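The letters A, B, C, D, E and F name the chains in turn, as written, and every chain counts its residues from 1.
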Amino acid sequence: MNFVLAVHGAPHNSNSGEHAIGFANAAIAQGHRIERVFFYHDGVLHGLNSQVTPQGENDLCKAWSELADQGIELAVCIASAIKRGVINAEEQARYEKTSHTLAPGFELVGLGQLVAGIQYADRYIEFPQ
Amino acid sequence: MNFVLAVHGAPHNSNSGEHAIGFANAAIAQGHRIERVFFYHDGVLHGLNSQVTPQGENDLCKAWSELADQGIELAVCIASAIKRGVINAEEQARYEKTSHTLAPGFELVGLGQLVAGIQYADRYIEFPQ
Amino acid sequence: MKKLLFVISAPPYTSKRGTAQLEAAMVAAAFDAEVSLVFRGDGIWSLLPDQSAQQVGQRSFAKVLQALGDYEVDQLYVCLDSLASRGVEAAELMQAEGLDLAAQQLLLAEQDAVIGAAL
Amino acid sequence: MKKLLFVISAPPYTSKRGTAQLEAAMVAAAFDAEVSLVFRGDGIWSLLPDQSAQQVGQRSFAKVLQALGDYEVDQLYVCLDSLASRGVEAAELMQAEGLDLAAQQLLLAEQDAVIGAAL
Amino acid sequence: MTLHLVFNLQGLESCLQRRQPADPIVLMGDGTYALSQSDIECFVLREDAAARGITSNGKNIHGIDYAEFVELSTDHNPVVSWAD
Amino acid sequence: MTLHLVFNLQGLESCLQRRQPADPIVLMGDGTYALSQSDIECFVLREDAAARGITSNGKNIHGIDYAEFVELSTDHNPVVSWAD
């Protein structure tokens, strides 16, 4: 079966990331496919490359990176992202910022990718907090 | 009179910034002193240098910068900041990140600066959301 | 063509989630989904007329809401229970069809996906 | 020496604000402030014993709470109304002195600053 | 005397249960929605209410701007925020 | 049949008012606190409850792990989240 997951909460202010990662790994282990993880609202902050994982806490960045290595699309809503400071090299140049801040494995996409994902997938599952 | 303000909410998920900036500007206009603005919890995201202000919306980054130019200390809790990806050059080097992300005018400080500020100031005013 | 329900349960202006929900609903309509929207909980405050968001340096929620019509999103609903518990009359609000809980139950049951039920 | 009250009204583990509040309270004690802490609203869930936060890859709130003793922060209170409305008995929780609303009113009135009333 | 800043409706309830009866209250942000429900005597940050489309016709409601908010803060101590 | 994911207590109330009576519910995150208050029949994500120190002794409470959560998601459609 084919899933689209949505992450709406910020890394340190919600369990959105933990829930989505736990679900994705279990689904893959059962032979399902995660078509796309869509990061929206404060969820886009999961894609910020400058985060430092505190000792003794979950390393979400590493977990996302492992999912990306398995070919899962980590799709970050571009409108939500750039106003929160999550930008790739192209947006860095456009807005004349000093650095890009999008972590490897993530990509900025339009809202159309959320809708297309929902239209295409068998299930849409949202992790709000 | 001498104020310490606290900002606890994220830029796009609260009015913490708008409220603190509105208060600070009005206080300064009346001859009061803002000793320090302390950014805590998700409030530290106000100090992220890669944010792009959407057209037609409040430019909080500019407003903070103007306050910094008037000598107001924009103190960002270092523990809250580094796990959320708001890092200066020193933390960038320590954690081997690709860039620093702390906006000019902000500085990373310990929690002691919150407590010392409250002890010293005439008023502590918190803007939670 | 899938049936998508967008839920707005947070008030406007503090978080900007409601506006983002409207934008997603417009995109869904442009992608030929059958779109409906329901306002419930503190989301019902989004429907107050005479919002002056420029006073706090934001886009007016009401303006984005009007743009929905251009995308032919016209199934706008508001939870009557949420209104009653806040002492708000439907007549005080911008136009949306009032639904009681039983009607919302039916609306939910016919969706292919529900987006932002948590917003 | 100022009297500082730290309020915890959010549950642990979803946001990490409660833990950050405890850290601030310890620093305040180290700076010789007179520190007290009150748990109310969904913050009262912080006091459940037997939390196993390592299961979700987090630090245990209970462990940070125990460290408060090392800083001689021993004025820990819990709102009895918040317990009652959630059907929780004070005896089920880790140690904190129960306060009714009148007692909280007195506690608030004697503070120089209240931190995180909104957490 | 304490000044209470109230940022949402749940925060107002928590505040009303715990303030001294004469302590003044300032409604801000989503706290301004309380104007459409209750008629307690309070101050309200005018621009936050206007942004949300809230008009106060109660005679116990005192609209203020940031300058008046600062004055209230200097006249009271401590200033306590509520946003459960 | 719809599967409902409930992330907090207010969300549970909203869900109960609007689901079809036979629709199953999964309590997750702060939704697991509902176990100490009510005895509705539901699933609960075991690790979220354990992290919070919640033990369920109700006979209608079914503890699940992520693998069982995925199975519930494939067996139901749509999956709706609640976290007011």
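As a working rule, contacts are C-beta pairs under 8 Å (C-beta built on N, C-alpha and C of every residue); 3 or more make two chains touch, one makes a residue touch a chain.
Computed from a predicted model, the values in this text were never measured in an experiment.
The chains in contact with chain E and with chain F alike are C, D. Steps from chain C to chain D, minimised over paths through touching chains, total 2.
Among all pairs of chains, A-B has the largest number of C-beta pairs in contact. When you average the Cα atoms of each chain and compare centres, the chain farthest from chain C turns out to be D. On a Cα centroid basis, the chain most remote from chain B in this structure is F. Centre to centre, using the average C-alpha position, chain B and chain E are separated by 24 Å.
Per-chain CA centroids place chain D at a distance of 27 Å from chain F.
Our note on geometry: chain B versus chain F, Cα centroid distance of 38 Å, whole angstroms. Taking each chain's centre as the mean of its C-alpha atoms, chain A lies 33 Å from chain D. The set of chain D residues that touch two or more partner chains comprises 13-15, 17, 56, 58, 112-114, 117-118. Residue numbers of chain B whose C-beta contacts span two or more other chains: 12-13, 15, 41, 80, 124, 126, 128-129.
Touching of two or more other chains is recorded for residues 7, 29-30, 47-48, 77-78, 81, 83 of chain F. Taken chain by chain, the contacts fit none of the simple shapes, being neither an open path, a ring, a star, nor a full set of pairwise contacts. Pairwise, the chains that make contact are A-B, A-C, A-D, A-F, B-C, B-D, B-E, C-E, C-F, D-E, D-F.
Interface residues of chain A facing chain D in the complex, by the touch rule stated above, are 12-15, 18, 54, 56-59, 129. Here chain E touches chain B in the complex through residues 5, 7-8, 28-30, 48, 65-67, 69-71, 73-74, 77-79, 81, 83, going by the rule given at the top. Only residues 1, 3, 15, 19, 22-23, 25-27, 29-30, 32, 122-129 of chain B touch chain E when the two sit together in their complex. If you check the complex, the residues on chain D that touch chain B are 2, 4, 15, 17, 20, 23-24, 27-28, 30-31, 33, 112-119. By the touch criterion stated above, chain C contacts chain B in their complex at residues 13-17, 56-59.
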